[in-house]
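Heads up, the next two complexes both have chain A, just with different partners, chain B and then chain C.
After this line comes the complex of A and B, so read on.
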């Protein structure tokens, strides 16, 4: 079993989701998991990959890889897989990674299983289906196998691994790879940390009562070093930007701690946050469905409880 | 003072949705026959055209690269299809299929009809209209998928996730449709991935949009085709359950939880059909001429399931699907004056080809689609003038069983305005006499013109337990609906109305699209709208608003309904 993990990096930072997949790969029993890092300063990131379990890191710094475009990455990966005979390619999902994975599958005539949330040692993937109500087992009939994992499926854990072996890869671009270019990039302005990456999310619902009360959520999130999320109802009502919407038609998150303020817990919201490690909810309505899947539920008024909670946490933190 | 929803009409005009083609000529997509809607009518039309064009390659050749195209707003054929459905297979047979070859849940073996009270169920002999011997049980969504495959085999091109937004009319003649824009934000401005609609230009356009068809309504107004009587609708809400053991036969109920007094105008009933050994579908249908602002068909269905006789059928089971749809019920007198206009044919539920007493419409849709195909084909033969020769379709429908069946029960829906028992007796008398009992033409008022009343209707709805009974949002989830939230609102309603009207809309909608907003101090309130919950059932159009098609691909993703 030989596994290679594609690590996505932007601005000299390996993406947390990719490192999570690498952590997972290292736990599957292959002593020699390889990673691929491409783009500017890829080499400098190799030792970090080592700490997350990569024994060998392929790096490619060709100028064609500076822009976040999929095709040149497909070229690099296809070459590595072909030359080194890797049987399994694991990729953490992102806008870029989805294109890379599908392009690679087409190039190698390989099977691609996408939206996986887990993978067993004998390479059976777990994929949520029927609106995440069941997990189905998926596998591959041939090699190479390509797997694309849902964001936040695995925690990224550094181990005491040694320095990895670094292999520089020369890039041979296919003819069509140079045909696309990025003409501009814009960053969406958002209030705090991005909710996909945050370990702590404080989310607000209609129970906050008014848009200005989102300051309660923001203050608590700041104190905990977390991000602010919102339900569809409040985004619909224009209380908070769409980029913060969590749920079926918003973002799917799985932070370590999810604090739900005034959120009733409709199933459309639940499917966006049910895989959070610890769910704490505060709601006036003791019959709110959210209490059925909370680890800690507080029946009470968010306007009274949250300021005191924020104060207490500040005190504890000194 | 009585309040009627019709006094607060939506900001909507058919003229907005009629346009000349605007794309440069070489960018228009040209097809031979363009069918709007991949339902039973549209797909039957495509299948029949495929058969005719295969036999006449000369005609096919003249229709260009794409002789037959179907635009479908759902993710795939079947995504927006929902019905009971116990189907009379005769139209499928006339289309050349053996019903045994079609995925179904088999013929009806046994049937029973009950009149319910809160705790009891009285079995009555099935009224003549409700006898289903020889009919077959289908999931219409599954049937749509299967017919879609047959249509594609026959050479039709299906364009899913595409809404038909505007009727293209040039010099008084329908020349196709314009498809809806995609990738607009809530304000209607293009986002990064925006994709403008395009002009689909055709020699003949067939509107087979189903109930509350958007362009069908536009065409009826534009060409002055509306029938003698206004169209009225019922709303059906249904669930699919996985159960340990499905009932043997089909079951219909009348009475409870609906109130039988004439003043409430709660006309309707329930159906429970087995789907093989371990699934069943259960649904509630209520006429939208009801008056109570708190009447919610969604919640009446929840109430029905708590009846001891019914909860027994569901015990140990799990709800695996949900959906809602209106059913045109105006019958014979509400049919359009003509079913064609220059370049245009109208088929199926969109024009109201439904036999409400018999709870049947699928086979009329299929038959009308087939007849539309034959007329379109005849008009496209060398030497024919498509603009004028489509009137053969009206004649064909008049000579078909569609006309005969609808005529026989022409006053049936109207008599139920007299209350359940009087209406029921008259209805039976009418059927037994095969339509010879003439009551004189009875009038119907549009559903939105019913004066509203309040009677604490909601007090009897059960509190959802998430196992047997559900809230509306959970139901929307079970419909598979995951519509993009940040698209333009496709629902036209007056946003400031008397509180009764707003409350009526809140209760009416099975998908929790409407909410009462802030009070204006003068008895009016604002209405908040969550359009992405919408499952496009069409009830709002019947009750004083107007549904237009959202971005293609939006709405429910039905699979078993």
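After this line comes the complex of A and C, so read on.
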């Protein structure tokens, strides 16, 4: 089985989720793990891919790949898979990568299993379904196989890997791949660190009481080096930007530590964060569903506890 | 102009997986996937008072007609249901082939999708359909504007917003932040019964049975199991020392 991993880069940084999938690929026992990096300065990022387990890195720096659009990436991946006969393509989920995976599946008439949280050595994928109440084992009936992994499914660990072999790929765009263009960009100031890549997320819900109380979450997140998340209810109410929304209609995250402030834990939110490693929640309502899936639940007032907590952590960090 | 909206009929309430087929049990009551209501709403908004035709397209069992009727009641002009026993159990590859075949016949200027299916959590279909139609695709559209022969989308990503422009014909998946879907009016519900409704078989859309359903699928479900449960959960009441208790807990887990 030969594996190729699509690595997403943003602003000259390989995304942690992609490196996590590469780490996983390198652990599956296949000596021939390759990676694909496209876009500006792709070649400069190849060494890093080597450290995370890629023996070979395909790079494509063509100008058509500078914009974060899926279809030119489908052209590149389809060409690499076809020319080099890769049997398995692994991709970490993102807005961009999901469209790349799906487009590639149609282009190659290949099976795509999505929202996977694990992959075994004999290539059985694990997909939580029905609000994560059941785990489905999924497989592929033919090659190439394409797997799209839920954000944060794997830790990114550098291995002892050396410098990878670099293979430059020339790009031949399909006619329809060249039609969409990005003509402008807007960043949301308050979005801060990308919540999908954060090790620590401090999320706030209605229980914060007022939009200005998000400063409690922001201060705690800053102290822990984390990012701020929000529930759908507070995003709908205009307290916090949509880009921070965690849940079924927002982002699905699995940080090492998730701190929920004034969040009841409705199913809509739960599906977005329940695979976090450690969940700590603070809520006034002792019957809040969030306590059912928290490692540590604290029944109490966020306005009293959080400032003290932030101060104690600051002291501890010296 | 013509806009096609792809919609899915999903099980209502607590969906179950049928242990014998390992597929989602679709025998019970169903409803229009609520994310697709955003796509129907957006099509109706773009249509406005113009003579644009909005056609809703679905692949599913005969019962999926209910969801298409709801879209008609919201204001869509025509419905197409691809329904064939041989299409049951289609995965992404097979589903995209069937939908693309039906859409090819419609040759709409704009094809819209909702951001995900609430039953399978699938959020990828549009890109596969766009690839088969050989059209540009934009997903996570938080805003959409359509003018003569082109469209402009504000796409939301993990990093902020991108403004993406593309000529038509194109495929767009809208986010649920784009609008607030209308409820069908009584007049709309009554009127929906008289609107054109086509039910197509595999033969009608020109897809071979070998390319549909389980034979046409490249993925399979191998088994079902219980998800791993969390370890021991602790719950404490704040007695004034909760902040210290949290720090101690985080220290124990080596998180601070």
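Here is the rule we go by: the second predicted complex is superposed on the first by the 311 of 318 C-alpha atoms of A that agree within 3 Å, B and C clash if a C-alpha of one lies under 4 Å from a C-alpha of the other, contacts with A are read in each partner's own complex, and residues count from 1 in each chain.
Operating definition for what follows: a residue touches a chain if its C-beta (ideal position, glycine included) is under 8 Å from a C-beta of that chain, and two chains touch if they have at least 3 such contacts.
Fair warning: this is a prediction, and the values are worked out from it, not measured in the lab.
*Asks:* Overlaying the two complexes on chain A, which is it for chain B and chain C: clash or fit?
*Replies:* clash
*Asks:* Figure out whether A:103 sits in contact with chain B (first) or chain C (second), or with both, or with neither.
*Replies:* Touch partner of A:103: chain C, not chain B.
*Asks:* Scan A:242 for contacts with chain B and chain C and give back first, second, both or neither.
*Replies:* In the superposition, A:242 touches chain B and chain C alike.
*Asks:* Could you say whether A:266 touches chain B, chain C, both of them, or neither, answering first, second, both or neither?
*Replies:* A:266 sits against chain B, while chain C stays out of touch.
*Asks:* Comparing chain B against chain C, which has contacts with more of the residues in chain A?
*Replies:* On the superposition, C touches more of the residues of chain A.
*Asks:* Would you check which partner chain A:289 touches, where first means chain B only, second means chain C only, and both and neither mean what they say?
*Replies:* A:289: touches chain B, not chain C.
*Asks:* Considering 98-106, 188-196, 206-214 or 224-232, which region of chain C has C-alpha atoms that clash with chain B after the structures are aligned on chain A?
*Replies:* 188-196
*Asks:* Overlap of the chain B and chain C footprints on chain A, residue-wise?
*Replies:* In chain A, residues 242, 248-249, 292 are touched by chain B and also by chain C.
*Asks:* Residues of chain C touching chain A in their complex?
*Replies:* 15-17, 22, 35, 91-93, 96, 115, 118, 120-132, 134-140, 142, 152, 154-167, 170, 176-177, 217-228, 230-231, 233-238, 242-247, 249-251, 253, 255-256
*Asks:* Across the complex, what residues on chain A touch chain B?
*Replies:* For chain A paired with chain B, touching residues are 131, 232-233, 235-237, 242, 245, 248-250, 266-268, 289, 292.
*Asks:* Using the touch definition from the top, list the residues of chain A that touch chain C in their complex.
*Replies:* Chain A residues touching chain C: 10, 68-71, 74, 94-96, 98-103, 105-107, 109-115, 124, 128-130, 132-142, 148, 174-177, 179-188, 191, 194-196, 200, 224, 242-243, 248-249, 251, 256-257, 278-280, 282, 286, 291-301, 304-306, 308-309, 311-313, 316-317.
*Asks:* With touch defined as at the start, can you tell me which chain B residues reach chain A in the complex?
*Replies:* 466, 471, 473-474, 476-477, 480, 482-486, 528, 530, 532
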